[in-house]
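Presented below are the structures under discussion, each in the form of structure tokens.
Below, subunit A partners subunit B and then partners subunit C, in two separate complexes.
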Partner chain A sequence: MNQSVKWTMVLVMLIVAALLCLGLGEQWINPFAANGQDAVILWELRWPRLFIAFTVGGLLALAGAWFQVLLGNPLAEPYVLGVAGSASVGAVTALMIYPESALLMSVGAFVGAWIGISIVMAFAHLGSGRMLLAGVVLAAFWSALLALLLALLPRSELGLAFAWMMGDLSHSDLPIPLLLLTWGLALVCGFFLSRSLDALLLGERHAEALGIEVKRLRNRLLLLASAVTAIAVTAAGTIGFVGLVIPHLMRLLFGSLHRAVLPASAIGGGILLMLADSVARTIVAPSELPVGVLTAMIGVPVFLFLLLRRS
Partner chain B sequence: MENLMHASRLSLQRGDDLLFNNLNLYIRSAEITVILGPNGAGKSSLLLALAGLIPADGDLQLQATAMSEYSRMEIATKVAWQGELPPTEFGLTVKQRLNLASDGEENLIPATKAMEIEALLNRPLAELSSGERQRVELAALMLRPAPIWLLDEPTAHLDIKHQVQCLNMMKKQANAGRAIVTVLHDLQQAMAVADQVVLIDGQGHAEAGPAGQMLDVDRLASLFDTPLIRQGKLLMPEYGDGI
Partner chain C sequence: MLLTCLSVGSAWAGERILALSPHACEMLYAIGAGDEVVGVSEYCDFPDAVKNRPVIANYSRLYHEAALRLKPTLLIASNASLKGLETARQHGALIVVTHPENLQDIFDDLHRLGEQTGHASQATLLVGQLQTRLAEIKAKTDTRHRVFFEVWSDPLMTEAGNSFITQVLDAAGGDNVFSGNNVETMRVNIEAVIRAKPAVIIIPNRSGNIESRKAFWKQWLPTAYVIAINPDLISRPSPRIVEGIAQLQQQLDQIP
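What follows is the complex of A and B.
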């Protein structure tokens, strides 16, 4: 199968997922012929939701791909490393200090994500296995800390905090144009870094011997992956495993060079989250499942399967 | 012969331990330098220091300019390094791995031919044996136009035929003017290719000199702390009564 056939497949999937995301819900709406009330639902609710799902999914998948290269381990991703957890702690802390400020919550999530990944990176010299283990243990720590903060949080803020923690695409605390801009910028950064990232797949020594300033590259990647994670987490709460499953699938499909893997992940993550969200709001209609529950239910078995296959 | 690199009063540490002190070494074009010494003496570390990949004390000049003056990219155009086998987790294929060492597709052919890996080009690295992966690494090195090549146990993992091919390739490259610095474990191989030898004893001493002088049976026996006997052009360990 050549590259253009594969890209066509991805684009067809994108269109199908978009149509499902627009059409499915409490009731089916034909995205091409919506009138009256349907048109309002379509334009005011479902289109914004589609954009949130697409950009957040893409950003999480990109962050996953970056973390995997950064840690030299294909099982790394923001959720597994506890970065999503530390971002949550940051966001909820901000919510405690100054209730209902989306901006402060974003800053909190960003700082939290950065602190989380910095701690994980301190284990880098012990090898990727231990680093991953450190991430897993930290994830448990952050969730305990989060539970503590939630116990202290005023009751009025609890609903907001819970919805955010389980992944909520129904509204975003960040404006949609900002999300799209971030998605585009992340993709452009990824494009310029792709050759260096490929070299990093050989390990740091080899990359350095090929002329890459590895330390600088790692710092950039760290900043980029933390920022992207923080923005995705701020917009939609913590949604796990998109960053694990999608880069893995895209490597199977396109090979491991980042020129293809990064854009394919940016689109593929969007597709997965659009599909997951369509299902999440349909199967228990008129109620909704948190989308994070659904991605974890898909993601955990895939993660375990990958672990088994690696040993 | 041209002086490409000059190390003077070079000393290296691993953690708090001194590996060696005061090494003076010239790396010249068209010459093969073999680094010998017991396990853990610092042979690979010396290569890494020559590649600018780890810091070393003393003075290290690359083409008459201090190593620290160069950017990573500039060093990479002058020095190529072959070291440990790269990880395979991410599913790189042989061809993709080789393309990371060089941009031109057409350059691939002579290197893949020399290392007999043409049939492996589209296979993922993870599916290869360690000997095959070692040949891929050697082919990747051959794609680098740098005038200095540093090789860390290039014959490791290789069967006898490919060991010979590898040594011949190094000899040919040296004859074509390249400076080759290589860590070897096999004394016969060292005797077959060395123009210059660096001995690192693992007790803080390192010394460079012409091969004829350095590959002395008593000297090597004390370096490796193992009885050796010379039979014609061969240097062999004395296995003793246990075998």
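What follows is the complex of A and C.
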């Protein structure tokens, strides 16, 4: 299969996912012929939700792809490194200080994500193996701290805390234009970094031989991946598996060159989250499921199937 | 007469009760067993007298060491599987579970607690008064409205099915738009609420953001009336429920 056929496939998937995301819900709405109440629901509820799902999914997948190169480890993703955990701790802390404010909770998540990342970054100079280990240990630490906070949290706040911890796309406290802008900027940055990333994937020495300042590249990449994660987590809570599964999926499809893997991940992550969210709000309508449950349930079998076929 | 009173009094004077849920607390005080309550759970807040009682449980567990130190003889719980309850049972305390699922259950449990604590006559009197009041409210209710009950705003949650709230709304003249869904407390998609077209939206008045919730609902359902009510009065299966129904009925009645 040549590259253009593969890209066409991705774009077709994107359109199908977008149509499902707009059409599915508590009741089917034809995205091309909605009027009256359906039009209000389509334009004011489903379109915003589609953009949140698409950008958050794309950002998480990009961050995952970057973390994987950065640590030279296929297991790396924001969640494994404890960044999602520290963001959750920040969010729940905010809830304890000032209950019932989703906005303050997002600010807490952002601050938490930065603290988590800064601690992981302090291990950067010790090499990727130790940094990954530090991340895994920190993830355990954050989850213990989270359990402590949840035990102390008033019962009335538990609903919001749990909804947030499994991902919630029903609305975002960050404006959608900001999310789209972040997505676009992340994609552009990724494009400029793609050749350096390819070199880094072959090993630090190889990259240095090509004239790349590895240390600086690493720091930049870490900062970029962290900022993107913090924004995604702030917008939609913690959603796992997108950052792990999508970059690998796109490498299986497009090979390892980042010029293709990064844009494909930015779109593929969006597709997965749009599909997951469509299912999450359809199968138990008029209620809805946390989207994080669905990303795992869709992502993991697809990933395992592709791994088996590949070998 | 005096003798019987004395003998009854002395037979029950030793009762030391732990009230492990807010509604159990309210029931005990309402039937005159408040003085025998020696410990309460974290969310017991009515009547004011309970605020001086030591807290020996939260919604998920009995703090069994602190609880046993109070030498309880009777524990009133809303959930038989509360952690730590078994320890109290092993130490000889009697466990009574009250988990009313409808108005009749509240009356039955008031009788049951009355007999258990030696306040049977007060319980009978109270139930009689409550039933009379309820009948008066029912007689006044002539118009009915389709209502959506907002339990929580973020994530948006409601009480559906034949839940306690659905029955309370019904008694006050409101038909829960989600009574057909076979779940009790559920997360609900805003789309579904818009489509259900409730005429009235009931929000809790404790949230501190009543105005912003009103604005939120005006945006999606411009013709719906939004009313705020103290959620403890209508979602807690306590004797105050009748007062809650009366307030709700009065507010619903003012809507054209």
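Operating definition for what follows: the second predicted complex is superposed on the first by the 248 of 311 C-alpha atoms of A that agree within 3 Å, B and C clash if a C-alpha of one lies under 4 Å from a C-alpha of the other, contacts with A are read in each partner's own complex, and residues count from 1 in each chain.
One rule holds in what follows: a contact is a pair of C-beta atoms (placed from the backbone, for glycine too) under 8 Å apart; a residue touches a chain by one contact, two chains touch by 3 or more.
Please read these numbers as outputs of a predicted model, since none were measured by experiment.
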item	value
Combined model on subunit A: subunit C and subunit B, fit or clash	fit
A:His206 touches, of subunit B and subunit C: first, second, both or neither?	first
Three-chain overlay, vertex subunit A: subunit B-subunit C angle, C-alpha, nearest 10 degrees	150
First (subunit B), second (subunit C), both or neither touched by A:Gln37	second
First, second, both or neither for A:Leu257, with subunit B first and subunit C second	first
First, second, both or neither for A:Glu26, with subunit B first and subunit C second	second
Touching partner for A:Leu45 - first (subunit B), second (subunit C), both, neither	second
Which superposed partner A:Ser170 touches (first subunit B, second subunit C, both, neither)	second
Minimum C-alpha separation between subunit B and subunit C after superposing on chain A, in Å	40
Residues of subunit A at both interfaces, subunit B in one complex, subunit C in the other	none
Subunit A partner contacts - residues on subunit C that touch it in the complex	43, 58-59, 152, 154-157, 178, 181, 183, 186-196, 207-209
Residues of subunit A touching subunit C in the complex	25-27, 37, 40-41, 45-46, 100, 102, 155, 159-160, 163, 168, 170, 281, 285-288
Residue ranges of subunit B in contact with subunit A within the complex	48, 51, 53, 71-77, 79-81, 83-84, 86-87, 89-93, 96-97, 100-101
Subunit A to subunit B touching residues, read off their complex	68-69, 72-74, 198-199, 201-203, 205-206, 208-213, 251-252, 255-257, 310
